[in-house]
Amino acid sequence: MLAINPFFLAVGIILGSGILPLLFLWRRFVLMKAVASFGITAGCLIGLIDAILKLSHGVDWASSASYLHAFRLAFHMDGLSAFFLMAIFLVSLLAAVYSYHYMDDAQKTIRVAVHYLFFSLLVASMALVVTAANMITFMLCWEIMSLSSFFLVVYNYENDGNRKAGYLYFIFSQVGAMVILAAFGVIYSHAASFGFEGAAALPETAKLLVFVLAFIGFGSKAGVFPFHVWLPHAHPAAPSHISAIMSGVMIKCGIYGILRIYALLGWHTPLSGYIVLVAGMISGILGVVYALGQHDIKRLLAYHSVENIGIILIGIGLGMVGVAAGNPVMALLGFGGGLLHVLNHAIFKSLLFMGAGMVLHKTGTRTIDVLGGVIKKMPITGTTFLIGSLAICGLPPFNGFVSEFMIYIGGFRGAALGQADFALSLLAIVSLAVIGGLALACFTKVMGVVFQGEPRSRAAEAVNEKGTSMITPMVVLAGACLVIGVFPGVFAGMALKAAEALQLGYGRVPLAPFMQLTGNITLGALLFFTVLVSILVLRIFLYRGKSVTASGTWGCGFTQPTARMQYTGSSYAGSILEFFGPLAPLEENHPPIEGRFPAKTYYQSHVHDIAERHMQGVIVSPVLAAFDKLRWLQHGDIHLYIGYILLAIVVLLFFV
Amino acid sequence: MVELVFIAPMLAGIVAFFLPPTAGRPLLVLTGAAHLALSILLWALRPEALFPAYFAVTPEGLLSLLVISLLFFLIAIYTTAYLKAAEIRSENIFTGSMLLFLSTMTMVTLSDHIMVMWIAIEATTLASAPLIYTHRSAASLEATWKYVLICSVGIALALLGSVFITLSMDVGDVDVPVAFSSLMGVAQQLDPLWLKTGFVFILVGYGTKMGLAPMHTWLPDAHSEAPSPASALLSGVLLNCAYLGIFKTNKVMHAAGLGDFSGTILMTFGLVSILAAATFILKQTEYKRLLAYSSIENMGIIAFGTGIGGIGAYGAVLCLIHHSLIKSSLFLCSGNILLGYGNRLISATGQMARRMPKTFVAFFGGFAGISGFPPFGIFIGELFIIMAAFRTGHYLAVGLFVLSLCVIFAGFARHVMKISFDDVDTTIQIEETSIMVWPQYALLTTSMVLCFWIPETLYQTIVQALATTGGGF
Amino acid sequence: MTSVLLFILAILLAPFYSAVILKVKAFFGGKKGPPLLINYYTLVKLLKKGSVYSTSTTAIFKIGPMVSLCAAFTVLMFLPIAGQPPILSFQGDVILLLYLLGLGRFFTIAAAMDTASPFEGMGAAREAYFPIICEATLFMILILFYVITGELSLAAYFSSGQPAGFWQAAGAPLLFVVLALFIVLLTENSRVPVDDPATHLELTMIHEVMVLDHSGPDFAFIELGSFLKLFFYATMVTRLICPVTIGHPAADLVIFLATMGVVYVAVGVTESVMARYRMDKVPQFVLTSFALAFFATVISLEFLK
Amino acid sequence: MIHPVDSLLALVLLSVLISFASSRLPTLIKAVAFQGVVVSIVPFFMGHDLTVGGVVFTLATMVIRGIGIPLCIYLAIKKVAIKREVEPIIGYNASLLAGLLLIVAAAFVSPKFNLPQISVNALLLPTAITLLVAGMFLLMARRNAIAMVLGYIMMENGIYVVGTSFSLRAHHIVEFGILLDVLAGVMIMAIILQNIKQTFDDVDTAHLRTLKE
């Protein structure tokens, strides 16, 4: 039965094509790459189709196998799982295609082969995580996911920063897993079974405990502030298509976990909503603020993942508040918007990471301020990246707008509820607006400094755009951004189907009102395009037979402008960062200019992540100090060692 | 038949003393193979012992026996390669002691009489002392001295404890042979006071040998000074033997309805050991000591699980088996590292991923396994233990447990990352022959397989072993 | 039908009203000032011209003006002028409109960054910064309007008598809203005291410096776009300060246009009597608008119930 | 009337005091040897099992405990000419005082355990306890490695007393096994002692503190 199941077939194919290279193919580099990436692609395709079919037909299936005699490995796919599977398989598919030309260092054959092994493991484990139907299965897949992604993070371990990133990630994922395990433990302590079913019967206090523990555990994987510290280190360290997967879908497994636990507990109090909402707002705003301050393009994108996780959480939180307030429309708008944003973020974030990867691959640098004018040499990369930027800023007519639109409307519904709900929804709406504005500032910076203007360095000049397998996925994703942005109906429907699986007690969700909303968006988008086209026509008409000449940029009277005089990313973001000073301490370093003929000088700036700063001070150092105080116990003197034994006996005899 | 399993290696060991140095290597492997065959036979047939008063084939004994003989076989294979690479004076003493060590440990697993078990365990100390002193250095001498003295003192207390148990029989007017198996039946009539006293002494005594804090003090020294195959044996199976004594006594306690008493004590010692391990792992400077402390941690985990009972005890047994497999492979890897870098300091190592790739795979795999990542079995064991702890409502204890596990992981991971990836400028002094890594791979693979599929007979044996300790789930 | 006519009328009138501001400033400056039709002349002149493009620029530089103009047109289609229902309207169009304006801003900035000119970069940075707070303010106001009307569309807020309804529901706090909206108007359209369109020092400009390199029809598009944007905000203010509707379309239109004039004069007066803030003072100024809106919303929704 | 065993045991207690007070190793060794002899014949006097096997076993035990084990240590000293000081951590007088207190305490607590044998030999349990703790004490209070080994032997003697005279369970064969273990242990310790002497030219455990964190 398992064999013929398309889902397991897909997982099997993926795993197989990951193991294959290491077994015997690694001697033939190109063949190995081809087999691996094609195999993974094929597997993902099967899985994707299966997931979409399951989602559209709303089929639940479950399957389980005996495990260690007394237990079972159980899998179950409902709307929620299917929705996440869709995102996972879509992104992994394109990442696999992308990897073919990206991993082109023939010197590191074995390493590439190993990379494909863990790549496939990661994809497979993610797919299994979102279908796992009991604690053992879940933890098993979860840990494998963490482990495999860790190895992908330290792919380039020669770089010291990557090693640090890998270590941080390792610690966070393990501690997070432990916290999740604790949450499960609380459930188990009441339900006395490894299945999830018993969770609903827990007493209130236990539910609170479980929810908080789970939120911390899953939040640390999803990159919720302040558990996001590892994220901006780990994501840039990995190869770009891996960053795309990690940022695009792996952290979403954390979101899945939160949603799943919420559904299992059936704990419909406003409190859960408030927790999620607040966490979401903080992550959203701080994430984008820190992103503004970054000089490393992949690090910047990583921080934007924190921001978008924040937006998703705001949506989910509004949904929870809606459920608690008995307001189905608000609830579904919130959850639907959040879920849809999961898909959207997966799409445009992986697009952006692939674009960044292209730039990194061709220029060899991730530093924003030494790039520039790349779009002239890389038109497709530039254009797709532009589309991605518009989408991530939530601007119409692209997909980012749709989900934010739903969340906004949900928020407005909440604002009408009054009291605490009113206050929090109000804050949610405002922070969404602020996030949008900041994101716009951040991505105009990236576009302007990296892709537009003039090259600021050699690296940025000598670039080309080769590698079909790298370009194709970007084009596809950009297309997806536009399609979802203009015709969101069907996708919103999928998101709502996924939301149905949360057992909010509304049964079948009537799609009509939501379809009307999305229809409006389509209308607006089409209107926008018609106007744009007509203006275009007008413009063409106006320029008919006009003289169009080219010359240098107007230097405002300055006659010898150089490329290095362009506005840098740091200065672009400077004034906004000042505004957020207390939250994002900005450390500047530039020697003063002295004398009539000042020496060559420089300017460095670095934005500190307060969470990172305090983690060191509040947790790490005290723990180390505390344990250091005990090290004298092992002092090497045998007399006292024997003393310990005697002590142990004497103490124990008191209890006899 | 039963006695043969430990008599054979004993004879082989005595022979080895008089053989020319290098002749011991094949003997080692052959004995290992024969021993493995015998133990499997034993497992299959479960025969009656020749002296049923003293020896018996018990499920828990069989489990440890199988682990011991599998490990010894693989370690013996590794040892042949190791002895080639590392020069050891009077090698025949080394091999001879290895074999005697094997025989004594086997005796522990098969002994049923309380006193005989004590004799066997004390004998393991004596047989393994020469192994630790193999390198003839001042440090190894000190390690041996501490090992022998501390363990002897500790085990002396265990003897006293055994005497107290017999005393509890006198006071309770029960007249059965002084064997664990026969005690199980009459446990109810034993005098609880003396039984408890006996348990306490036995726990501290065998706990010393098992490496429970605060009696663990000898362990890091011995493990770091002994040559790696010996360390692998010490950490992989010797600790299990000591644990076996505690386990059996604990069973008697459960049968006597004193399970809570023993359980609480076991859990406390477990937690203390884990915390102690955390203390010394964080800023460890030598990788072999690091592994030694990790053994203390795992013994703590096992004690904790045993104390909880139920599915926790099951988890503990799984941890026990997998810890033996994984930790011994780690120690074997440490042997390669020592040979490769010629230095036991962590700071002197690095970039193993590129310099010694084969060892790296085994080493990092072992690390992942020991810190509870699937697909290695300790993961499932720890999961059961934690779940059971929650089930029995020891929230505080399990909180502490989980926290210290995290701390230990953080410390351990830092060192392992250093060894595996950090830059270092040294030249590797050996080239890794496949025989120096295949034993590790075999061990890890076994652990991987056992994580997903436990043979029916093995499972049944575990269940029988746990039958009375509130097992069953 | 009327709405379409009004839409066209709005497009036609927008440049005129902008000229009013110039007149007022000239008056305060004791000058005669340019004719009221100056903007039409400029537009026509620009449309006749050809263009010069910097070698640094790409297609984005050409798309920018079109998108910003397009956004402005689209927005106007949803705006009820003189209390008459707009051409189009649906639940949630406000959000769409604000984000369309955001889209326009994105492309204006992108076009500016395209020229590789440090000054335009500087202007772009400011253009990206200040509107963030404005959006927060606008959403604040939206929440107030939504809770009062239960609708999320401009039509519901500014058609016929609704503005009067706001005054009844919210009362005095609505004054703050008007004030906040006016500040937003000044900021979004980069008027004094946030930005000085008339200055000659590029270092201190925001909007003007960004369009330095545009020329010909492109520049015309930008100019027209900014006129319409100003008209859009002015309309909202107008409807709030003069919510009365007689019911007869023509009369309403007259009142509306008159009030519009008042608003533009007010802008002109502000520009004449105030100096431009130092750049680091501007955020505080804009933030006051947010504070006002926040205050108004919370007061009228939580305490005046 | 005083049971002969008790008089012997009194001497044992005395020997403990001597071993605490003496600064010289040979004295210590002699004391331990004496204890070995006594504890091995006590059960014989206790009167149970007056069989041939019993006699033989008692004699064998006496030979090993009273002669074999001390001899190992003595030879170890002879062989490597170790200096005869015990290098106390706790001074002799303090030790002596501690010894006295120990005996008193032991005599005080032992009636608390209501064991059948107490009634017969009042001094049996106190002696056992004293020997045990005294051994521990020597282990912790003497820096000289040999003194520590002797302390260990003293402990073993104490345990033997408890084992043989309080529970009639263990068969001789088993007890013999235990005895052999102890013997082998002491022999190995003796070997280690010699190596220590050779390595550090001293048996002061102060040299053995290098392995630590």
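Descriptive notes on the structure:
Per-chain numbering from 1; labels A, B, C and D assigned in written order.
The rule we apply is simple: contacts are C-beta pairs under 8 Å (C-beta built on N, C-alpha and C of every residue); 3 or more make two chains touch, one makes a residue touch a chain.
Please read all numbers here as calculations on a predicted model, not as lab measurements.
The chain pair B-D and the chain pair A-D differ in C-beta contact count, and the higher one is B-D.
Here the spacing of subunit B and subunit C, counted between their Cα centres, is 78 Å. Centre-to-centre separation between subunit B and subunit D, using Cα means, comes to 31 Å.
Subunit D has its Cα centroid 70 Å from the Cα centroid of subunit A.
Put simply, the C-alpha centre of subunit A and that of subunit C have 36 angstrom between them. For subunit A, the set of residues that touch two or more other chains comprises 631, 633-634, 638, 642. Shown for subunit C are the residues in touch with two or more other chains, of which there are none. Subunit B has residues 145-146, 149, 153, 220, 280 in contact with two or more other chains. Listed by label, the pairs of touching chains are A-B, A-C, A-D, B-D. Residues 145-146, 149-150, 153-154, 157, 193, 196-197, 200-201, 203-204, 207-208, 214-215, 217-218, 220, 261, 265, 276, 278-280, 282-283, 353, 368, 371-375, 379-380, 383, 386-387, 389-391, 393, 398-399, 402, 405-407, 409-410, 413-414, 417, 420-423, 452-454, 456, 459, 473 of subunit B touch subunit A in their complex.
Of all residues in subunit D, only 115-116, 132, 136, 139, 145, 148-149, 152, 155-156, 159, 162-163, 166-171, 174-175, 177-178, 181, 184-185, 188-189, 192, 195-196, 199-200, 207-211, 213 touch subunit B in the complex they form. Taken together, the subunit D residues at the contact with subunit A in this complex read 89, 136, 139-141, 143, 148, 205, 208-213. Across the complex, subunit B is touched by residues 67-70, 135-136, 139-140, 143-144, 146-147, 154, 157-158, 160, 163, 166-167, 170-171, 174-175, 178, 181-182, 184-186, 188-189, 192, 194, 623-624, 627-628, 630-631, 633-634, 638, 641-642, 644-645, 647-649, 652-653, 655-656 of subunit A.
Interface residues of subunit A, counted against subunit C in their complex, comprise 372-373, 375-376, 382, 386, 390, 393-396, 401, 405, 408-409, 412, 415-416, 418, 422, 426, 429-430, 432-434, 436-438, 440-441, 443-445, 447-449, 452-454, 516-517, 520-521, 523-524, 527-528, 531-532, 535-536, 539, 542-543, 546-556, 561, 563, 565-567, 571-576, 578-579.
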